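Before any comments, here is the structure.
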């Protein structure tokens, strides 16, 4: 098994709150993450693909095209945005790191296959102390 | 000269916009940083103090008390907050990294002197690529 | 599969020596790590849990409670301690990174399950060049 | 499962070009990586081995001997070298990160087994944004 | 004094050799850095400017335009290039980190002034262990 | 002004305690750093020298010889040692980061001058959150 990973970054605002709950319950469960005026993060995204080496290029995948896909499908949609308000693919979802990682997988899986590889994992760092890794619905 | 530095971190939302300007002018000057729904960052703060070694302790300053001052005066005020809306000492100011670094200096200078040292610099990293360092009004 | 990781840190002293061996044999096998007066490290701990997203919170696990468990069961026990002398759960064991990672797994596995997730791995960095990762007795 | 990782570093020049192709085709496929006068990188190598803890030492493997093997078989051969011109085990191969990771696996697998462990993975960082991980021909 | 720093990166090949010396003398002085077939690095560049805060923007300098200047004058000229062969502003010079830092200063000083600030320093990291910082001819 | 910095690392045990004080007073002032059985750190040392570029080499200083001096005078003396018990140049001194940085300056200043440069600063990181920088008795 051979994996290749590309790192991208985006800076976004969000808050954690469950609309079905009261403000008190949200504060109890989410603490300062529920601040009504938002807070934000420098997110680090690591997208890992799996494949075979093309003997003519030595590559699993065209890394430049992979980066372009990630820019178009993820970074341009999320960077300098509000995850709760501005992002079509997060509408109606919790803006947690877990949900965001799964959602990013869904946005890019088909594109990675079109580039001739398989999506292996989406890793998303919210802070230097907290990160999530998703391996897809079949892993 | 002997300097000691303490790193603290806070995650906040902000936007850059000049209220005296139109939305178009703000977009032209601040680009995606002017997104009306905010974005955010993991800020890294490095506070550097200058002093003499106390021969009984080997310390310039009581680092635990310095960290407590930084928690109380800076981190609790800024962490998981909106820099434009939630922070008393930033009211009416631009929420740029430059202004934020100068404002943090003003919030803590007196406290550092009370701990027996001098404030030397406030360094603030907004991203891994951009940071500001302020050395006080007399430097 | 969805994983969430929390980083914690602790600074500790230790030495590597096998009590059944002579000083010479210890020096031969462990080199400078056998220094009788100890040395130490800034350890970085990455605890990874596995679970399903709770649709109400968007979380696999309550990260605040996970961090509290790690503080209570690991960091308070190891931080600013001597791994060979001060740590009940290491008594009679070699203070190697491998043994420490396995021992930390044993201290926290039950607590992670009580928080509603599964312990996936314990990664322990001793230096920037050396680290260990343990996936449990059944992996 | 218990894994131990050792990081090593080397700085090398290379270029990406397929000798069977024209200069135009190489430029089209490899972009600036095809610059005929070479470019280079600070490579970071993470070699991960798998094994059982030796109860007398607390170790999976003698880390000092593992590092010596990596120095002899990898770092001395690659550091301050041209990957396309100076490296016997890369002769006739593309100098991509993928091919380099697989080739390093082949150079060290037998030596790791002689040290009493199994080779689990070879991870190679070309830049802070791009890296490859190889798990062997049977993974 | 208020400073703002922008980080940029470039990957380049080079070698250290003095043309007036024999191969033996070059090997003696420069060691493996004199390898005739080149080696290379991931260089990290930190450009620091000094200025006053513009009260309308909160900025010392337009960071987007600073980054564009650094891309045009430095990164496009050095990235994926051979420092000894491909770079007009290094012709006839030693390709050491010291000389490179001074040369970068000379390439960008005027442009920084045109952006309304002063160039304070150019810091250049060759590896994680070695870096150079230049403060200009008048410092 | 042109500065060159070399990073070295060492791992050591220490404790903070003032022998003239009671155990209670030591615990009060130094907290967990006073643990009688020691704790330890991965120290990072950054030694910065100042000089002119030698036009024949492009160097301020012979970096290989600087690293050898730092290995001999600092790393071999401190690495895998107990700062309170094992280090001749710290005998009778507090093992604080401040005192250690000043003491390292004194150990290497003459050697740096013999290599043809001036010692500019000694920076010592005790953790990722705390570090000290010393600029010499005349700064």
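We just call them A, B, C, D, E and F in the order they show up, numbering each chain from 1.
Everything that follows uses one rule, which is that contacts are C-beta pairs under 8 Å (C-beta built on N, C-alpha and C of every residue); 3 or more make two chains touch, one makes a residue touch a chain.
All figures in this text were calculated on a predicted structure; none of them were measured in a lab.
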{"item": "Shortest chain-hopping distance from chain C out to chain D", "value": "1"}
{"item": "Partner chains that chain C and chain E have in common", "value": "D, F"}
{"item": "Selected pair, out of A-D, A-B or D-E, that shares over half of its residue contact pairs with C-D", "value": "A-D"}
{"item": "Centroid-based (C-alpha) most distant chain relative to chain C", "value": "E"}
{"item": "Remotest chain, chain A as reference, centres from CA atoms", "value": "F"}
{"item": "Whole-Å gap between the CA centroids of chain E and chain F", "value": "28"}
{"item": "Where chain B and chain D are represented by their mean Cα positions, the distance between them in whole Å", "value": "42"}
{"item": "Per-residue overlap in chain C, given as positions that touch at least 2 other chains", "value": "128"}
{"item": "Pairs of chains, among all present, that meet the touch criterion", "value": "A-B, A-C, A-D, B-E, B-F, C-D, C-F, D-E, E-F"}
{"item": "In the complex, chain A residues that touch chain D", "value": "1-8, 48, 53, 56-60, 63-64"}
{"item": "List of chain F residues in touch with chain C within their complex", "value": "9, 11-14, 32-33, 35, 37-42, 79-82, 85-86, 127-128"}
{"item": "Complex interface listing, chain F residues touching chain B", "value": "16, 18, 20, 29-31, 93-99, 101-102, 128-136, 139"}
